[in-house]
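Look for chain A in each of the two complexes below; its partner is chain B in the first and chain C in the second.
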Partner chain A sequence: MIRLDLGTAALRLITLLMMAFLVFPIAVTLVVAVNPREFILPPNGFTLDWFKAAWSSQTFLRGMGVSLVLGISAAFLANALALPAAMALVRNNFAGKAAINIVLMSPLLIPTTIFSLALYIYFVRIGYGSGLVPLLVGHTIHIMPYALRILTASLHNLDPSYEEAAAIVGAGRIRTLFSVTLPVIRTGLVSSFALCFILSWNDFPISVFLAPPGWTPLPVELFSYIKFQYDAVAAALASSLILLSALAIVIIDRLAGLRRVVRS
Partner chain B sequence: MIRRILPPLAPALIALLIFVAFPMLWVLRTSFNELAGGAYVVDALTLDNYTRFLGDPWYLVNTLWFSIRIAIVTTVISVVCAYPVALYIAKTTGFQRNILIALIMAPLLIGLVTLVYGWIVIFRGGGLLNSLMIALRIYDDPVRYMWDIKGVVILLVYIGTPYVVLSLLDSIERISPFLVEAARNVGASRWTAFWKIVFPMTMPGLYAGLVIVFSLNFSAFAVPLMVGDSNTQMIGLIVYREALLNNDLPFASALSVIMVAVNALILAGMAALFGRLILNRLEAKR
Partner chain C sequence: MSGRPASQYPKRTYANGPRSAEMKHSMSNDAIQVLGVIKRYGATTAVDNVSFNVAQGEFVSLLGPSGCGKTTTLRMIAGFIEPSGGVLRVHDRDVTHLPPNKRDLGFVFQNYALWPHMTVAENVGFGLKLRKKSRAFIRDKIAESLSVTGLSGYEDRLPRQLSGGQQQRVALARALALEPQVLLMDEPLSNLDRALRVTMRRELKELQARMKMTTLYVTHDQEEALSLSNRVVIMNRGKVEQVAAPYELYENPATSFVADFVGVTNFLEGTALGMDGKSVGVKLASGQVLRAIAKEAVTSGTQVRALIRPERVTLMTASIEGENVLTGRVILSEYFGAVLRYSVQLDSGEVLRSEVHNFDGFIEDGARVWICVLPEHLRVIPQETAALT
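Coming up: the complex of A and B.
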């Protein structure tokens, strides 16, 4: 019995250390961002000056705007592509369903380095080398599998008799979709949208390959900034990204359960 | 049937065909092209891009072999760190479990640049760790962690471990607790029950985690770009540099093809090894 507890205690200790390792850089960034004495720890007070500086920088504001527009459009497109596919996959059983599922998930299996390079070369070839289209396409395709995963899971929980009832009282397919199906799976839709948005908002590898000049998303902007200086303004900016991500994590967890993000 | 399932699947499938399949094939085609005048891609059928890499010992040792070694080391460290964590999370319930899973997933959802910033604050020359170590007189001169191979390994382990934890957790949760109980009832020690029942049954999750993390780390370019130095020329970083900085798309394409091929070979080797590991365990039981 004592041995048994020792084993559990050891596991708990290792887990605790691992969690500290995972949280440490995030916590340090948040502390530096509100510490009046730049980098001198422990903090001797609380200030939002660094945040003010970060949020009034034209470069960062522009990056934020680009990331915001990009994230919302990519999340919208990814869900628009994934929703009908998820409905077809959940409602029907057919030969080759597993294969189609793998094909739809394939953007996750391709290393982002190669995926981004391939899109870059392809768009250069068809004459769209620098434009917003490649960037939007790259983000949309990359996040679509995540949308498909969450939407499939929430459609699985949808009782088909709602839609049958709608059909019986004479609602058409479009009407059923908008008045019955979408309202019932709204939590799934919202969390899918939140996940897609945050993945796009935080993405670096795809953006660095595909962002056209003058349209630099925030993470790439932050990267070029910390290449030369890593002051507290950068910490404030990084903290803004962290807080928005934390919000998305809470939304996804409350509405769909975080595990669905990675579980197939 | 086809008429019912094809229209809803078509948009996504067509998007993948146009924006994934075609571009990937185009990478393969471009890898046989030539670069003229240092900037223009000219259609050709040449193996020069491949021989330029495969025939150069510097590239082979310092990028290809280096990337393989880094990927193996970081994957092994990630697995060792992840296994106990997954075992512990599998035992938890309710709020504690939610918090643990949220923390595990945070590095996956928070962007790489943001996380790198935090690590730089901790690890840079006059950073937290060095100040602490020097204050405690553990060493006198700052140790170079960032912009060094150490930084690359730390960051790759940091972003790789959560994937392994989550895929292990998937397979641990599939194990019926009755199996372990049954083994304990017939007199197996806790250790034996773990080793003979739980461990073999986590092999699929372990393998899935290995595959994800190895592939990610082998092809990584953002991490060596951000915290590496001139000695950490991983193959993904060379692809990035050749494509975006040197504009040598044919060479970058050839490197990508080599990268995919080597990755596939290593994964096939790993699959064979895992198949044998599981078989051996089964035979040993008889």
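Coming up: the complex of A and C.
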């Protein structure tokens, strides 16, 4: 009995410590962001000055705009590319299917920094260097495996008779796709889009290599700021992003059920 | 044996070409023609040279055990599966290689396959919308189809808010709304509980008779097939065993498989003696000779099986003499209220099952019984087809 209780207690303790370990940096960031004494803990009051400064910085706002446009475009593109691939992989058996699957998932296997550098060199060689197109391409390739995973899982769960029923009443392939397939897997699509957007929004290495001057996404902007400035504005901005991400997760959960996203 | 379709449905050859309007009319008598259709998956043949037809307005069932190829055949007619060989015709149009959306068929799925994001009305009206019908027409047609299937008032419900039976009615309404040339149904009642299945079966029969809709119906439930159909196609291991009306199927099974699959049958093995018209002698292992009826010629000296249905095995407790009398002992008696079932071990060793009505009295286990088998109740089937089972 004692051993069992000890085991349970130990498990609880370890679980709590692990959770604290995960939450601690976030908590510190949040505390620093509202602490009037810059970086001196414990805080001696509460202020939103750092948030005001962060949210009135033209550089940050512009970076946020770039990240937003980039994230939405890349998420859209990645899903548009992953969907036909997922359909082909789920519904057909063909020679080289496993190999194609591995190639499509390979961006996950390569460290992002190496991948970004390689992509940068490639674009320089073909005469682009950094630019909007390389930036978008980089983000899209990076997040596509995630879209492929989620969409593949959704299509696996899709009963093929839904599409057959559409065909038999006269719908062609395109009509079936837009009127039946996509609406039926929409929770998967929303999850995939949201996850892709968050991944692009948080990405740093690809943007560092490929973003052209004047089009710096927020994480890179934040990094440059931290390099030269030592104040809590960065912490406030980081806190804002954390809160926005948390909000996004709540929205996905409400819309699609977080469990589904995590499981796939 | 691949059934008799080849001889039963000869290819139409017109020496002088189809001239008269009458002849054209006779051409469209068959709503569905399945001609030598084959489906192979690698080395296995799921559907092996299957041929049958469905006449205009007819209700035909494909009946067989699971894996016999009946659903594959239906799905090939619908266009969901590409045949490896053969020809499929719907109203004299070759549809073998047409995609399903060009075949003008109705299909009711086993799992209903209602689109979960559309309301009942949207489900039923989707095909009409694709055909660019006017809004008023679509609205009227939806109302009509739902009233036919008894679901008026459910227009705005979503499929998940309906019971299984209601979902199946929507699926039927969706198919009927388009007034298809032919209605295909894939075990539409098998997901319902038994009581509902029987109710729906009756409604379906009534509806089909009223609308005279040509229907091809797949089922593994012989009760469904026998009670609903004008004719039944019995399939086994990818092949057609017999195509016949329910009565013919039960009374004159062409093969042992059909006899065994449809209802319960007793088999007596023996050797054929000479034929006299349709009457043939069957010499059992015990040496006794029974007179029986053969539908097709049997060669003298070949191994045959004589079939007799349990309800034709009448037991008597008093000694009788004469031709076709078997003797034995009751080894098991079961009481089922309206009917009694006995197992009788013949003196020659075989066990016969007998089913009698309760007003015929009750025979104790172990009692000695005499059975008089009328030749017209004893059907002879050659052994080589019997070897299939």
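Going forward, the second predicted complex is superposed on the first by the 230 of 264 C-alpha atoms of A that agree within 3 Å, B and C clash if a C-alpha of one lies under 4 Å from a C-alpha of the other, contacts with A are read in each partner's own complex, and residues count from 1 in each chain.
Everything below uses one rule, namely that contacts are C-beta pairs under 8 Å (C-beta built on N, C-alpha and C of every residue); 3 or more make two chains touch, one makes a residue touch a chain.
Keep in mind the model is a prediction, meaning the values are calculated, not measured.
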### Task
Would you mind checking whether chain B and chain C clash or fit side by side on chain A after the superposition?
fit
### Query
More residues of chain A in touch with chain C or with chain B?
B
### Query
Does chain B (first) or chain C (second) touch A:Ala248, or do both, or does neither?
first
### Task
Please work out whether A:Tyr162 is in contact with chain B alone, chain C alone, both, or neither, and reply first, second, both or neither.
second
### chain B versus chain C as contact partner of A:Pro25, first or second or both or neither
first
### Query
Which partner does A:Ile14 reach: the first (chain B), the second (chain C), both, or neither?
first
### Task
Return first, second, both or neither, reflecting whether A:Tyr230 touches chain B, chain C, both chains, or no partner chain.
first
### Query
Between chain B and chain C, what is the shortest CA distance in the superposition, whole Å?
12
### Query
Which of the residues in chain A end up touching chain B in this complex?
3-4, 7-8, 10-12, 14-15, 18-19, 21-29, 32, 39, 41, 80-82, 84-85, 87-89, 92, 94, 100, 103-104, 106-107, 110-115, 117-122, 124-125, 137, 140-141, 144, 148, 195, 198-199, 201-205, 208-209, 219-220, 222-223, 226, 230, 234-235, 238, 241-242, 245-246, 248-249, 253, 258-259, 261-263
### Query
Can you list the residues on chain B that touch chain A in the complex?
1, 4-5, 7-9, 11-13, 15-16, 19-20, 22-24, 26-27, 30, 81, 84-85, 87-89, 91, 98, 100-122, 124, 128, 158, 161-163, 166-167, 170, 190, 215-216, 218-222, 226, 236, 239-240, 243-244, 249, 252-253, 256, 259-260, 263
### Summary
In their shared complex, chain C is touched by residues of chain A numbered 159, 161-162, 164-172, 175, 179-180, 183-184, 186
### Query
In their shared complex, at which residues does chain C touch chain A?
78-80, 99-101, 103, 105-107, 109, 111, 113-117, 126-127, 130-131, 174, 178
